[in-house]
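The first chain written gets the first letter, and so on, giving A, B and C; residue counts start at 1 in each chain.
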């Protein structure tokens, strides 16, 4: 039982990061009905940029800001590349375009920074906290990650529910035509949505890099976990993405703890497949337009 | 005044509208009636910037409107209530209304949410409920309310009677007529339900297969038996 | 001609003749080609085999899948496990050989295609792409999960049934610890990882040297590097370790209608060093004393195998695409509801497309296993699935010819880039990543401006040309009827 609790605690940090990545996927899905498979490539690329900035400036925070700026910019660029097939209602084309961007970004990163695994500096202590006479499986860094995630989620939900921009984004996601007829600049709103997703992904990248490694392909598995979380969460639901993201992190931590870390992707896949079979719209989903 | 002259719209090889000319004066309701496939919705979508014209021109108070984006047309004063589901059920009633006014600065918003609630009291009672919970008639009121929030000079209504009980239709159309006179709106009303539409309209236009077959005072059209039999089917 | 084509089976015969002709022509060309070209063509044929399936899946049925690399792994592992563990074909009892093993790979493809396709048929667009992406990323995990069966990270070294007298690959550089004579003599080296039992062990082939993922570079390209380094078999040693039934022999090839009987003598065995690119060290080339041995290059055998499978799969694909099933797939892709009310089952259409593409991928995987003589998680990275998608999109999403062009691009672009970078002082990491960067950018470009890919664009261009030519002639009457007299007053 103590093991169980320890594994759960240990999964919170990575769960928060998966939640952020899932959130980024949901944001682009809501904006344009495209799952941006390039999201992980964008996050990887901006994290490399952050690493470079970190090496120059020596400041973790400046690097984070650089990643955020680059993430927003990259989000806008990718959106312009993907939106045209969407307008042509070429769904396959849009998905393929995101994979094209992913391939290109990974190759570009390999060109610029090389294919080696790089270590990202750890800004806070990643060792377990010692308190109440024992060491806990959660570190100061995990707490920072969880804090940043909570901050982002709260900020985003305030943005969506309390501001005009958030309302335009929701209206555009649900019914672009009515949004347009209400005078909302739909394409600008979509672009902002992708920029925000880019920012969230960039933050996730900078947060995950210190506790894993950084290479052009090292985040691929994070995409699988995040996609699993986003889909089980319903793809449309921010709450669902966050809840299931943390949940996926916990499950992975349990699987790793009780068996072996190599089982984690298999478990994620089984969860995804089961969910797609039993509840194709996800736990938090509220659209049923996916049937024929 | 909304002026449409010689407007043609094609869907591929199909001529959805050919050489249509209509004038919609401020302060009154102009009804466009015709059977299914007459080109009524095409006309509305073209005027609202959702479909592309192949020829002709259209202007609002002298400013040309064809070829502009919907977002810009809203800013020029054209508000369309499209056919069918023109509310967003995932948003609340109040959010649906706020959408319409968002493009204006707060101080500039001539029509406040409160005024719409005065017009449609039932919406006021359900302001924080999801639009999905509304009945068909309430949703149509909400759609019109959203369009009014855009503070239009010209209101385009596409088949507001669709799927509604006759008594609700009469209520809504009477209100539309009142709005036209009180707010000095140019209202273009497209209807399959000719009797009710011609009752509130001052002028009427009959469309058939994309062409205007008759235009004139609403009363005259309503009493034109041959026309009724040939194009309106009653 | 068009009447003739309506005769029952006429189209089948025409397609068969078409692919047979292609096969013969290519084999004739291969007779005079250098080993490097042969391995590249073999690789391209293998890619084309899998991409025919991608055309059906992505182009015709509109399902974007990244699982086909994984399904190739299914075929490759099935091939490897069956040919290594079973001396005879179960039930039938005949001796196992390469073709039987390919048959099992096909069955593996059907089974996995049905399972994944069944899951996927419920899913539109991104859901299927994401699920299959997960499968592609998860493959190493599955191989590691059952290391006893799948050889874990290390993979399985395969005993490919090379033909009698063919050249066997020499262990790669860095294998000096295994003496060449020991490796070629078929000793017990590596039997711990190769669970071969009594009789089976006799029939397995030398060399059983242990390849690791690192040695292969975890990359399909490793086969390019390895294959030119060939070594002639010591006559008797090979005869003893080879069961004749196991082999795809020259006669087998000839029985397939190939006019290759002349080719073995055409193979410029003594001239190999001349044709081999300069970057291969001369000392790894076969000793010239053995070059007079009759027999042919292992690459020749490889390219024959890959082309036989590719042409057969292409033949099946062409019949499906041009037949009733092709119409069904397109109908479901374009309008599932309309297809459903016309009596087509959209679910079955999707599953069948997935299954067919899965079978093709599995067969390609079986070929891949034989080209590499190795099966391991490193040979089936996510990049493999992505390159299948890239090739099909660039060539033309809904054209079988596009798949062939795509396969050629995938195989040759890296070589072209390497040639270009030679002597230009490009950084190694720039050169290595340039092909992928180009793939990615080209894919995005194609999706944006020419969704039909190379073939689609050419066909659209031709159609446009025809249309403009027709428009010179007097135009047909306008479609809508003459307008009724209307009286517009305003």
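Methods note: contacts are C-beta pairs under 8 Å (C-beta built on N, C-alpha and C of every residue); 3 or more make two chains touch, one makes a residue touch a chain.
Just so it is clear, the model here is predicted, and its values are computed rather than measured.
Counting C-beta pairs in contact, the chain pair with the highest total is A-C. Measuring from the average of all protein CA coordinates, the nearest chain centre is that of A.
Work out the mean CA point of chain A and of chain C, and you get 34 Å between them. Inter-chain centre distance (chain B to chain C, centres taken as mean C-alpha positions): 59 Å. Distance from the chain A centre to the chain B centre is 43 Å, each centre being the mean of its Cα atoms. By the touch criterion given at the top, residues 58, 62-64, 66, 119, 122-127, 129-131, 133-135, 137-138, 141-142, 144-145, 336-337, 340, 346, 382, 386, 389-390, 393, 397, 427, 429-430, 432-437, 439-444, 447-448, 451 of chain C touch chain A in their complex. Touching chain A in their complex are the following residues of chain B: 48, 50, 69-71, 74-75, 79-80, 82, 85-91, 95, 98-100, 102-103, 146-147, 149-150.
Residues of chain A touching chain B in their complex: 164, 167-168, 170-171, 174-175, 177-186, 286. Taken in their complex, chain A has these residues touching chain C: 29, 34-35, 37, 81, 84-85, 88, 90-97, 99-108, 110-111, 114-115, 217, 220-221, 223-224, 227-228, 231, 235, 262-266, 268-269, 272-273, 276-277, 280, 290, 292.
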